[in-house]
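Letters are used for the chains, namely A, B, C and D, taken in the order the chains are written, and counting of residues starts over at 1 for each.
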Amino acid sequence: MENSHAIILIYCPDRPGLVAAVTDFINVNGGNIVGLEQHVDRQEGTFFMRVEWELSNFVISKEKIGEYFQTLYANKFNMTFQLYFNDYVPKMAVFVSKMSHCLFDILARYTAGEWKVEIPLIISNHEDLRWVAEKFGIEFHVFKVNKNNKDIIEAEQMALLKEKNIDFIVLARYMQIVSDNFIHNYHDKIINIHHSFLPAFVGARPYHAAYERGVKIIGATSHYVTAELDAGPIIEQDVTRISHRDSIQDLVSKGQDLEKIVLSHAIEHHINRRVLVYKNKTILFS
Amino acid sequence: MENSHAIILIYCPDRPGLVAAVTDFINVNGGNIVGLEQHVDRQEGTFFMRVEWELSNFVISKEKIGEYFQTLYANKFNMTFQLYFNDYVPKMAVFVSKMSHCLFDILARYTAGEWKVEIPLIISNHEDLRWVAEKFGIEFHVFKVNKNNKDIIEAEQMALLKEKNIDFIVLARYMQIVSDNFIHNYHDKIINIHHSFLPAFVGARPYHAAYERGVKIIGATSHYVTAELDAGPIIEQDVTRISHRDSIQDLVSKGQDLEKIVLSHAIEHHINRRVLVYKNKTILFS
Amino acid sequence: MENSHAIILIYCPDRPGLVAAVTDFINVNGGNIVGLEQHVDRQEGTFFMRVEWELSNFVISKEKIGEYFQTLYANKFNMTFQLYFNDYVPKMAVFVSKMSHCLFDILARYTAGEWKVEIPLIISNHEDLRWVAEKFGIEFHVFKVNKNNKDIIEAEQMALLKEKNIDFIVLARYMQIVSDNFIHNYHDKIINIHHSFLPAFVGARPYHAAYERGVKIIGATSHYVTAELDAGPIIEQDVTRISHRDSIQDLVSKGQDLEKIVLSHAIEHHINRRVLVYKNKTILFS
Amino acid sequence: MENSHAIILIYCPDRPGLVAAVTDFINVNGGNIVGLEQHVDRQEGTFFMRVEWELSNFVISKEKIGEYFQTLYANKFNMTFQLYFNDYVPKMAVFVSKMSHCLFDILARYTAGEWKVEIPLIISNHEDLRWVAEKFGIEFHVFKVNKNNKDIIEAEQMALLKEKNIDFIVLARYMQIVSDNFIHNYHDKIINIHHSFLPAFVGARPYHAAYERGVKIIGATSHYVTAELDAGPIIEQDVTRISHRDSIQDLVSKGQDLEKIVLSHAIEHHINRRVLVYKNKTILFS
């Protein structure tokens, strides 16, 4: 069996000795570092770090690592940190509407065992993709949202997500805006795919806007959802070349290939604990 | 010696028989078509075409081709057309400020004979790049523009451009906004490079804005200048991947490599008569 | 309902008047050209063309178009041509082994109705992906090929393909080499995906070879299968950037995203009759 | 003035405690780490690291750092290391033949002050680019190499390089093969640009070969020169999309834009001490 690993993501004000302090903590207590990446944002004066280490000979128990690190280092260096263990399998809910391309890409990877994740349920505002969920044996729940029932529906959705112990949510071309309250409950844990190269073409119908503007390249952007529409921290982007020969339908078709790959890569980064959000930007550890 | 070619760029309302009509005109009069590309924008119902043909056995003289085509075809099909000859060497003026990367890329291609173009003069609002112009033996004129003298200065510039028979203008990171009147005199003949993936980050300091937004890809856009800032018809765009490790200075540096290549490609398309502007978009014939 | 269209792909020795002749044939007989692209390979002196036209008012019946074109034009200009009609739905067989990523991408597009194609059967040398075929309600046939039974097995496969009226075959990471005889029966009609940027890393284990060589970019190539391994006409290629941080497993994972997209794009070009094979190269009409 | 920095590149057999040991060495002696990147190649079991630190308060003198590190750490951990200081300006010689695009790109960056490097001389086997060197005020030496005089000429070149204290050599489309002896003198210090996506199209006329093969993407590769032709450690690669419409001359033209950017990026990585060569591959620290 794979060894148990701890992963810590840290940020704090930059100062000398931070790398040595953290690596020392792991080494002297019997941990074996298998990955370390640090970054200093000189403009912000902020230090970022991701360290992953094997726990087999680590003298501090998994339950106590967080407490010890807080007491011995985080307090001293004013660090904010997140601690994960690679043997925990996170639970992910997928929200969809009518388009299947992102959902199929997610489920193909899921069933092929590419990701260490569990998908207990798919939520939609339409019945259209129920057959896909059923093919893959995943619960499918339809919530018919409208202007008047949004609060109630979201409360029901939230109850369901809690019941299933959902850790994070993927909006796989879910064509609804979720409320600030909903976002607040899954802060930096809702991953959206927007079908443009943000910040260009925020909002509805970006392919139509791209066509109108006559751009020569289109893109897709995966980001964490925040209160401001399409303005959250960007996780991943990609682009493809188009020409005057492409109709709006061609843009939609070419864009869908971007969307599904970009979204799946963003999900993978999130699952692998490689994304650290800081001030509406992401540090993407490699 | 290379044979003399005619190049015609056409657009008109779409209807059956357009390709046959135009190719018939060329064939029956002894022209040999060496390149033909057509495109129909179904949304607009508009037909676009570029045809290039050898003139050696063409029975209509160069001076008369435009008149004959207008009378026999353009009137009938409501065509708008531009007629060029490949043995005319267009004259291009380059406007610069302080940064040399685009200018060097242009002059390196120019002196290597890559482009069928003549560069009689370089215009700047600063002395900084005079040495570059002098290295390459090209006239360098400095016009110190400010808020109060813009009209006078532009009139002087225009007089100089007319005197040198300048056909089109390249703003190679010329950090000044040119007036509507100036643009009007060189309609669809002023090529600018903007250091962002338009329409994202219009206006000043796009690399700073890209850094702030936390995008994972930056770009550069070459477009014809119109009255609205950074909103003219896009000729060429390209992008490169960045990461959280890149400082603003890194973005500037990576972006400059995009800017010079994108601008030079746009210039090349323009020189080769491959760009047709229609309703604030370009048809880029290949 | 969509109008019936004819599509003709032509090549012949270049000479003046070819475009006019073909467009004239269509126009005078009441056809409405909706797409035309021509290309001249000056090195070869060969002319290539794809024309698509509406048949609603065309005076020659579908059954007779080929004969008329042969008699009136192809003989005269020494043309080789292929004629298709957009209302015929081609039948495609998919061959797979154990990896599911390409198959899922194909089936996701198929069930979403992206392609005008029918997939009557999937063939494999392993049972592994039967469950996928069954999910999508497609016949799945396993043929256990080995060195001794290859001729017999291929004869059985061929009989099955004929019975199902299969027009073309997709090898979606089918890890077997098909015989020359098999290829001969589906000449320029077997589409393979090779997991490298051909001609680099021909043959087995290209990701291992790429890792060993220390390349900074990997690719995938879709091509028609010919007698020589991995040497057939290339339809589509794409690449992605890698680094020293990527293990062989990372290359496999990043490469699979390329493979599925590149293969699906190649299939789409083939279905849309946009690929013309000439002397081991493809003309890819846009 | 910029502070003095030390940069160390290390590799050694992987084992626990390496990061802690090296960072400890720097921290306890008053150094301030401004950049650290490590990588473990699990297949090889090899550890790689680049650390950069400020020397202003470092208690070990620059002259002694190497000796101390060797004694205290390298011996113990079986480390191979290279030590650099950012206030040393390396000297680079450029070798050219007749094509100017790479040379111009290099000199444009050089005169714009983009690189911390000195270029005391340019060497060629032809007179063609003397005017470029003279424009930029750089010594230009022509050595007419042929089959019979290669040993003598290379000895003369070597003498000149030694006289000018040249640290590394850039072959900017220098169309000559240098001898093993010559390479031996500048081991991992000769940077070449090959005009293909290696390992595809090794050797002469790669654009012709790419055209013949019908690839849909072409590339350029910068690598350190080793005894085997075009087989040295790859530093940087890039690609661009082509189509059947591109003639060999178009490939040359599109390729030149790749070549110059890829070569300049490789030079920049080398100057910034970001390249570590290990077993014919490069670790490219970011």
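Going forward, contacts are C-beta pairs under 8 Å (C-beta built on N, C-alpha and C of every residue); 3 or more make two chains touch, one makes a residue touch a chain.
Owing to the predicted nature of the structure, the values given are computational and were not obtained by experimental measurement.
Chain centres here are C-alpha means, and the one lying farthest from chain D is C. The pairing of chain C with chain D is characterised as same-residue: of all residue numbers used at this interface, over half are used by both copies. We define each chain's centre as the mean of its Cα atoms; on that basis chain A and chain C are separated by 36 Å.
Centre-to-centre, using mean CA coordinates, chain A is 42 Å away from chain B. Multi-chain contact residues of chain D (touching two or more other chains): 243, 245.
On the side of chain D, the complex with chain C involves touching residues 39, 41-43, 48, 197-201, 213-217, 219, 233-239, 243-245, 247-248, 280-284. Residue ranges of chain A in contact with chain D, taken from their complex: 16-17, 19-20, 23-24, 26-27, 31-38, 40, 241.
Chain D meets chain B in the complex at residues 100-101, 104-105, 107-109, 111-112, 114, 135-136, 243, 245, 253, 257, 261, 264, 286.
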